[in-house]
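So, here's a batch of structures to check.
Look at the two complexes coming up: chain A is in both, with chain B in one and chain C in the other.
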Partner chain A sequence: MSPAARNIALAIAILALATSAFFLQRSQVYLLSLCCVYVMATMGLNLTMGYAGQMSLGQAAFFGIGAYIDAILTTKLGVSFWVVIPIAAVACFFVGLALGFPALRVQHHYLAFATLGFNVLVYLVMRNEEALTGGTFGISNVPRPYLFTWSLDSERAYFWFTLAALVIVAILMRLLLRSPWGRAFAALRDNPIRAESLGINITAYTLLAFAIGAAYGGVGGVFYAGLVQYVEPSTFYFTTSLMMLLAVILGGSGRFFGPVIGTVIVILLPEVLRSSSSPALQFMQKWYLVAFGVALVVLMVWLPGGLLSIGDRRARKAAA
Partner chain B sequence: MNRTLQGLVMAAAMAAASLAVAQPIKIFGLVELSGTGAVSGTNFNDGVKLAVKEINASGGILGRQVDYQASDTQSQAPIAKALAQKAVDQGAYVVMGPVFSGSILVSMPETRKAEVTNFTGGEAASITQQGNPYIFRTSFTQAAAMPKVARYLHDTVKAKSVAIIFVNNDFGKGGSDAMVKALEPYGIKVAANISTDPGQVDFSSAVVKAKQSNADALFVYSNEEESARCLRELKKQGYDKPIVGETTLTSQKVIELAGDAANGAIAHVGLSADAPQPEVQKFSAAFQKEYHYKGDHNSLKGYSAMYFVKVMTERIGKVDTKALAAALHGATMTVKDNPGVLLDVSFDQNGDLDRVSYMTKVVDGKQAIIATLPAAHTK
Partner chain C sequence: MAEFLQLVVSGIATGAIYAVAALGFTLMWQAAGVINFAQGEFVMLPAFGMLMCIGVGMPLWLAFLVTCVAAALVLGYAFKRGIADPLIHHGVIPLVIATLGVSIAAKSFVRSGYSAMAQQFPSPFPEGVFHVAGVTVSFADAGTLVIAGAIVLSLQAFLNRTVTGRAMQAVAQNTESARVLGIDVSRMVLYVFVINALLACVAALLITPIYLAKFDMGETIGTKAFFAAIIGGFNQTRGALLGGVLIGVMENVVGYYLSPAYKEGVALVLFLLVILFRPEGILGRREERKV
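Let's look at the complex of A and B:
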């Protein structure tokens, strides 16, 4: 497919998705919004992990920081949602830098443990600093924003809003990956020594990828808080980081649409499985999490490179 | 032509109305069946299911069967919100749960918007402080239980000062804070407020501090195992003032672990599967038989909540969720007339619940009721 044809197809798909909100139930539209929100965060994780090759188990912490910044600023200080987005992005960028500076001295699973530790730390702060974060009971009644005078209170309006925001951050990500920075990220993932010999400052670029990935997590968190209208610490525990990691790997780490596909599967597949109303699938209502687990195992064994590697696999078979 | 159309519409409306009467009453459970809340959620859910089974076997509510559908929130707040929307859109008469305070805080705005009555097992104070007219508790909170203990300390023990030993986790700290607040209006001084750690083994220094405070009574508020250790140490050091607790202190587990040292301990008991009331014991036996495990206070919550729905719906005489919520505020239900509610209960204007509860004392290694405490609002 030519790039132009691909762009048109993509635009049609997005429009179709937006239109689908008219035909779906409220709770289904809400789940679609939840997907969009998580895709923002997993897209950031894909940059850190898939493109720059840094294993992170702390994405939920940045997601949580963004969500809490929104909850605290909008409920306690009445700051506008529109102001909160850049604040959260910048804050997470710098927290990412601050964490990355010491943590990125180590690689792979050591880095995974360092970021996991950071995630637990952030969780404890959320739970214990009651005066600021509301402790175990969190912060409720987080307001949804207005677009000029148009209230985004309904599920449908908020879904379109989130979808539009996702398209914008996705385009920004695409531009970033096409820029010299993006090429540098891929270079240091594939062969750090060669990258360095070509004059790429490894430390700086790794840090940058990590911090930008964190900022994406933070922006996702802001939209999450607006969507669910409530934040509590347990949502941002490291199990959520694992879920995000799963989404990236499942879809295809290092592929642009990998996190999109992966997140859609991780969030929607359990819901689709359990709400299937056909009598043959009745048993799914009880077994949906088991079926989900089995499906994941089968997929990973069959396609270790993620779902999007299916094309490569076919090509390889055809060549052989 | 117009006449025919009118007739058709009439017929269709009547058919729809008669269909509505025959249709079962839809009740949705949003419960934690997997994840961190699985134990609480499963207990709550099984309690509701047992009540539904009994109600349907005895002819349903106002002659209509109850159709109870439980969905798993996976102990996740965002999923709970989606499920609440789904329940509301599918025409729920009542929504049961979630049990986790975090989840109910997310899902209750949905039931509120749709004006659907919603029972919760959550105990966070903020749930009923938002002026939501559709939310109702199924148990009382520490903030409601402690004033009863305080009143007992004032009226019966005639204590002028009290020492407190509590476990420093969210349970113990919340209870201790509520107790300090409850003692204030009675002018009872807190002579010592002694913090202990979860899992603490050695209580000697805590007991020494309590003795040195020279208070007229001691309030012990901790988990079962720690309570037992504390009682043993109190006996060892020959503590001779009244020892009072709340729910855990005289529970069967503590009595087993503390042995002789538990004798004489006094505690306020609200909802407990071990409670001596015949209705509760009958429930416990039925629950054990049905699900092959011992129910806990969350199963009692779910079970009694389902009976609240039955009793109040029959009282208002129609299946109307808005009217149900309105009628529940200020309502009182007695065990005498409705055994399913297990303990006499009344709701206040916030949806907080109040029950008659009991002061219990350990006598010869058994929990015995020494006083029946009236509900807090009947001073």
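Let's look at the complex of A and C:
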């Protein structure tokens, strides 16, 4: 497919998705919004992991920081949602820098554990600092924003709003990846020492990729808080980070649409299993995480590039 | 002062358990280049293995031995052949993700198949306390310390004094040279995996009476084992011990004097400080990178 044809197909798909909201139930529209919100975060994680080659196990912490910034600023100080988005993005960017700086100076898998520990720490702060975060009760009645004078309170309106925001941040990500910066990210993932000898400052670029990925997580979190209108600590525990990581891997890390496919599977599959009445599917609901873990191992052994790499594998086999 | 010493003593005991789990971690990384994200679950699974053996009427010591054999086979041999061997050539990340998969599968398997509730676990040590210089020490803490210390010392003796142990170190330092010298690399790596599984069983025996057997008990232990390994120095066996004890003691001290709510954050802060100021770990040596 030529790039132009691909863009048109993509635009049609997005419009079809937006129109589908007219035919779906309220709860289904909510699930679609939830997918959009999580895709923002996994897209950021894909930059960190797929393009810059760093394992991060703390994306949910940034997602949570974004959500709490929105909840605290809008409910307690009455700050507008539109002001909160840049605040959350910048805050997460700098927290990402501060966390990534020590971890990225040394061996790269250290970042995985630093982010994991960081996620636990953020969770503890959310749970313990009751004056600020409401403790385990969380913060409820987080307001949804207005677009000029149009209220986004209805499920459908908020879905369109989130989808549009997702398209915008996705385009920004695409531009970033096409820029010389984005090329440098891929160069240092593929061979860090070679990239360094070509004059790319590895630490600076990886750090930047990680911090931008964190900012995407924060923006996703702001939209999450607006969608659910309630934040509480357990949502942002590191199991959520693992789920985001798996979504990226499952779809195919380092592929632009990998996180989209992975996130949709990871979010919708458990919902489908939960809502079904057939005994076979309900049995699956109990065991699906076991199957998921095993599937992940099998996927790694058999297809280390994720679902979207099936095509490549076929092509390689045909050539061989 | 007495209460401070009290905290230090019980912290050392907890830290010694972290160290046992961290040792396996260090060995796996050194000899096989494997970072095991399921290390915590490798401790959790034997805990439930022992519970099941006790459930069919075995005494604790027999349950422990049976579990050790099972762990050596499943968490040692099968893990190496089924997951580590095929993935080792793809670099670190696919293996990390596969071990994450193992961790998720193991946790959800125990939750769905056994129980989501925390289970009581019998202590291998008698109840009661004794007093040394004004400090009250429980038999459990003392016993934990003795066992963990004995294991670290005998493992170190094994690695430094025996031919097999030295061959394992050679594999860890330079796999290619080791192979040229006629060392059976694959066998040495297998030994490392089996030793790791056995260490996990010991850690399970020591920590489960304190923290109870629960499907997610491995999350804490796994991260702390890793932090302990880094803090002490990833390429040093003694480092794991130092790192584990340091975390155990600091957690107790911070939990008591500052805030019990942030006890779990201590290991992370220590870890960040170490990698900022001494990235090779407190006892570690610097390593060169290879292209």
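Basically, the second predicted complex is superposed on the first by the 284 of 320 C-alpha atoms of A that agree within 3 Å, B and C clash if a C-alpha of one lies under 4 Å from a C-alpha of the other, contacts with A are read in each partner's own complex, and residues count from 1 in each chain.
By our rule, contacts are C-beta pairs under 8 Å (C-beta built on N, C-alpha and C of every residue); 3 or more make two chains touch, one makes a residue touch a chain.
Note that this is a predicted model, so its numbers are computed, not measured.
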Ask   = Touching A:R105 in the superposition: chain B (first), chain C (second), both, neither?
value = second
Ask   = Looking at chain A, does chain C or chain B touch more of its residues?
value = C
Ask   = Between chain B (first) and chain C (second), which does A:G138 come into contact with in this model arrangement: first, second, both, or neither?
value = first
Ask   = So, A:L289: does it touch chain B (first), chain C (second), both, or neither?
value = both
Query = Between chain B (first) and chain C (second), which, if any, makes contact with A:D70: first, second, both or neither?
reply = neither
Ask   = Where on chain A do the contacts with chain B and the contacts with chain C coincide?
value = 289
Residues of chain A touching chain C in the complex = 53, 55, 102-103, 105-106, 108-110, 112-114, 116-118, 120-121, 124, 127-128, 193-194, 238, 242, 245-246, 249, 286-287, 289-290, 292-297, 299-301, 304
Ask   = Which part of chain C faces chain A closely enough to touch in the complex?
value = 35, 37, 83, 86-87, 90, 92-98, 100-109, 112, 219, 223, 226-227, 230, 259, 261-262, 264-265, 267-268, 271-272, 275-276, 279, 289, 291
Message = Could you list, by residue number, the parts of chain B that touch chain A in their complex?
response = 34, 36, 71-72, 74-78, 81-83, 85-86, 89, 101-102, 105-106, 109, 124, 126, 130, 170
Inquiry  = Can you tell me which positions in chain A touch chain B when the two form their complex?
reply    = 25-27, 30-31, 34, 136-138, 140-141, 155, 224, 227-230, 232, 234-235, 270-271, 274, 289
